[in-house]
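Multiple structures follow.
Here chain A shows up in two complexes: once beside chain B, once beside chain C.
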Partner chain A sequence: MIGDIQVDAQGRRRHFLSTEGMSADTILGILDTAESFISVGEREIKKVPLLRGKTIVNLFFEASTRTRTTFEIAGKRLSADIININTSVSATQKGESLLDTVRNLEAMHTDLFVVRHPLSGAADLIARSVPDHVHVVNAGDGRHAHPTQGLLDMFTIRRYKNDFARLKVAIVGDILHSRVARSQIHALTALGTQEVRVIGPRSLLPAAIERLGVRAFTDLDEGLHGADVIIMLRLQTERMNSALIPGAREYFDLYGLTPRRLRQARPDAIVMHPGPMNRGIEIDSSVADGPQSVILPQVTNGIAVRMAILARLAGATASEPKTP
Partner chain B sequence: MTVDIEEALARMTDGLRALAARRPLLIGVLTGGAWVAERLHSRLALSEPLGNLDISFYRDDFSRVGMNPQVKPSHLPIGIDGRHVVLIDDVLHTGRTVRAALNELFDYGRPASIALAVLIERDGRELPIQPDIVGVRMRLAAHEHVKLTGPDPLGIKIMEKTD
Partner chain C sequence: MSVCLKGGRLIDPVNGRDEVADLLIYDGRIAGGSAQGPRRVIDVSGLVICPGLIDLRARVREPGAEHKATLASETAAALAGGVTTFCCPPDTSPPIDTAASAQWLNDRARALGGARVIPLGALTRELGGTTLADMAALMRAGCGGVSNGPRAIKDTRVLRHALEYAAGLGITVFLQPEDPWLAHQGVVHEGEVATRLGLAGIPATAETIALARDLMLIEQTGVRAHVMGLSAARSLPLLREAQARGVPVTADTAAHQLHLIDEDIGFFDTHCHVRPPLRAAADRAALREAVRDGTLSVICSDHQPHEPDAKRVVFSDSEPGISAFETLLPLTLRLAADGILPVTAALHRITAGPAAVLGLSNQGLAAGAVADLCVFDPDEEWTPSAQTWTSRGLNTPFLGQTLRGRVVMTLIGGEIRHQSRALPGSPQT
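For the complex of A and B:
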């Protein structure tokens, strides 16, 4: 890919910004490494010395609990030093530009930035501005991408279902606002998934979504029929400027995953949700807590997958220039 | 030089028999060391399960060469606290792999003792690490590199170092 800033001239991965254009080999390589980190998480001492002496800054311009915490745990289990910066306490509130904030943190010898920002392209902008020895991981930018969530979902699917070429995966809900859905679709397609479906009201499906290689459904029962994997998305009420749906009650009636709806899918189908869940809006509690739910394993897997991504980036980097 | 692997394994088996009363846990370093450990485990007909370690997360050249993409999960089937451990590798050269393996083992617990058993002991140590049980000793030039091939059959390959 021309101009792919995620990979350096030697073919080493510098940044992790999007799953778009990522090869199956790259994705599977990261998932394999994550398997080894799962076994580290099951030990008495859940820490390895790989990133000792490295500094990671979690730069979050948008609220997050799960993603920020699992990145923090991932970094700590790799022995890195992690600093959390949230918008509410940051200099941008005082009018400092995004890149000035980053430059200041760089001057403190930060090795890796984990960035979440409400604007699409923010992580990409930072990646283009940092020197060669600094790495950037996109932890969610606007509606664009959330690639580490996409990969941890692939990891979870592979752990339960194995062969992507035989799977029907249904992504349900607010596809329009979902960076998670976009990252999942690119990864699922790269891995050769038999069929990727998106299900939602017409107003929450992007126009021409079929161009990403998915089948679109507006009827939940029809879309769930025979599915092996169901991914429920959060109804992103905070991203909706206008009323795109009549109301939460109607939404649940039409698109909420209930035990009855779930029976349309294969009996061994797994149910996933990237969190945070709106119980009673997109998913019924009895499904969220039921035997087919793998929502909590997704969180545990997120630590191992993020460890694999951080380790992949932070090793064997161009050396930091010495201060004259 | 030619190496008789069966003879080397027999020598190691004899060495390990002396430790049998301590009910040692055999732990092989992936991948070559795990092949050797498996052979020794069946020769000794041990009832204790076999473990293996992938030391990729403990290597001291991580910041130079990066993450080993072929890393495998380590697997220690039972706790090592208070147990006598025999760490098994295919080749002892610089000693850096053994250093990494010792660090990893201590993240699993506190063994009563650790002995080191290697199929091939060669020259070129860079750390104060010596084996307790040796299959065969080899003297090689600094630019030569010895590698165990396997798993079935096991073979020994001597190559010119590339880096």
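For the complex of A and C:
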């Protein structure tokens, strides 16, 4: 059996691959650092010199706008040099293996890779192949993990709700294929959230999901009842009209977040969505743009959280807080 | 010339014998009390002598994937694992679906003079699942039975007629039950580990549904059948029930299924990527019980050597399979050490059990039997590594782990074909 490689023998964080197994102290430490970076984005000169001289490669084997852009901005605000590589122009199209692509970029003295890949475990594989001084940040691998998204969602929840121990959080939609949901679940349970719920059609709830410490619901009203935080997930177009669910109309009917559905939750509940949104499929526009929505602040927070993660890995102080 | 293996512990699962005695070999066969002529005496005290292991499923990667391994490299690995006879499934490239290709493999194996190789011929042409292969010709060319390997026959009508045809000719059919629709793009057992790692799951029903279908058709056609590589607990009651009703069916599981579970995948360990997938602890416990009570009469290695690059990729892109000839014996002995079943019964599952499936005359260590033998040290601890390994494929999750029990000598027809350490004795006395 091969174990977790995110933290080295000296307790230093080398990689950021998954929120699984991450302690509350580690997560809160990153969120605190992110708080201090929020102000950087509000200054006239939006730069700090923490990663000056470091080279970051954004290696994206799957399309992304939000994640890639916020990573690029985060790196630039930390004064790192950023190179973007997208799969459409990459060597893998010519038959080069994933690890060969990484080795070539590593030979150019890359300090940190930000990797997105359509297959689960890709970031883990790369992290196991790079030398000790090179860091890997997972920007989404298949259905497995999207830990920076998970943490920016924790950051957003904390800004509005503060105490996780008193929160009921409902994650709604295609849990089966969602790396975001998995990263949120691990982070929420680590932070001692009172109750984490997943809501979706049975065919989109993964096997044994309760073993991750959540309650599963197939009825939206029941699952939303009394919730403090609602996280809507994107329904990929290829899932519609498939063997998994009948179609967009029935999906919206059963699982779309409308103002009426929202009333099941607490009146001060916040509504989140990691994007990109399908208006009219998983969420009604009046909710997405309504007063309870924090969808755009999530994006803004993403920059500060990603700055905190990049600084934690490639910056000078990289020690993990001690946990018993 | 005769050979005397002196002072070893003879374990003969066929004749239920377990005692310290000298074993005489004369003219390639086990001799009775006294053999004539000059003798070579080999001191094997402290070691166990058992019949050579018979492995119902091993890929040697020839023809078609010689970059992974070759018949030469893998017959040597078989000998290093104490395996004296093994079956090659027909899913080579091209597949073993003609008498010529079966003959070719047999001729190559004979010329190499390593372990004995028994090809399994194709059940359908090109394993395509639509047209029956020339089964009689394949059997005449030396096949031990017919099989569609891991390629499911989706059309139940084709399967029915294939089984009928084989039944009429008295041919044993080897079936690997997997429903291709339920398995879909799955790579691991559908359960908590699949959910955690975000890997597509293969539900146990992919096996049980296919097995139930196969058993019904085996019963209807009366064909002698062997079910390969069971992994799911729920398969075993189906099999037991069929066997109790007298349906002529035997079955095996791979040795790794008796020791590893899905949790051993840890963080995407591609060495644990196997098909059928490693399942849950309850499945492993049920498989162990079925090996103990004989529902599963065979443990096989399911040897599948790979080049390193086949496993140095993202999990779902990696090729399934373990290089397993050399761990078959220690993993089987571990069942006895764990108290699952007595050592004689454990060895039965890798000697007499598979021999019966193949219809080989198997006299164990009785006088007159062909001297295909495995001599092993039951107490030697060793660690699979590049230095201790013979197979071309080093793809094993047991790499670096301590295993107990190691093959010291393998004999084919009385000839020593593998020896891992010097043994005291005189060349001639």
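Worth pointing out:
Note that in this section the second predicted complex is superposed on the first by the 307 of 324 C-alpha atoms of A that agree within 3 Å, B and C clash if a C-alpha of one lies under 4 Å from a C-alpha of the other, contacts with A are read in each partner's own complex, and residues count from 1 in each chain.
Throughout what follows, contacts are C-beta pairs under 8 Å (C-beta built on N, C-alpha and C of every residue); 3 or more make two chains touch, one makes a residue touch a chain.
Not measured: the values here are computed from a predicted model.
When the two structures are aligned on the shared chain, A:Val40 is found in touch with chain B, with no touch to chain C.
Once chain A of one complex is fitted onto chain A of the other, the partner contacts of A:Leu98 are limited to chain C, with no touch recorded for chain B. Looking at the shared chain after the overlay, A:Ala63 reaches neither chain B nor chain C. By the touch criterion defined above, A:Ile73 reaches neither chain B nor chain C. In the superposed pair of complexes, A:Asp32 makes contact with chain B only, with no contact to chain C.
Once chain A of one complex is fitted onto chain A of the other, the partner contacts of A:His144 are limited to chain C, with no touch recorded for chain B. In the superposition on chain A, A:Glu20 makes contact with chain C only, not with chain B. Those residues of chain A that touch chain C in the shared complex are 1-5, 20, 97-99, 117, 119-122, 124-125, 141-145, 179, 182, 206-209, 211-212. Across the interface of their complex, chain B is touched by residues 12, 29, 32-33, 35-36, 38-40, 43-45, 47-50, 311-312, 315-317 of chain A. Per the touch definition, chain B reaches chain A in the complex via residues 54, 56-58, 62-67, 69, 71-75, 103-104, 107-109. Residue ranges on chain C touching chain A, taken from their complex, read 190-192, 194-199, 201, 203, 263-269, 272, 309, 312-317, 397.
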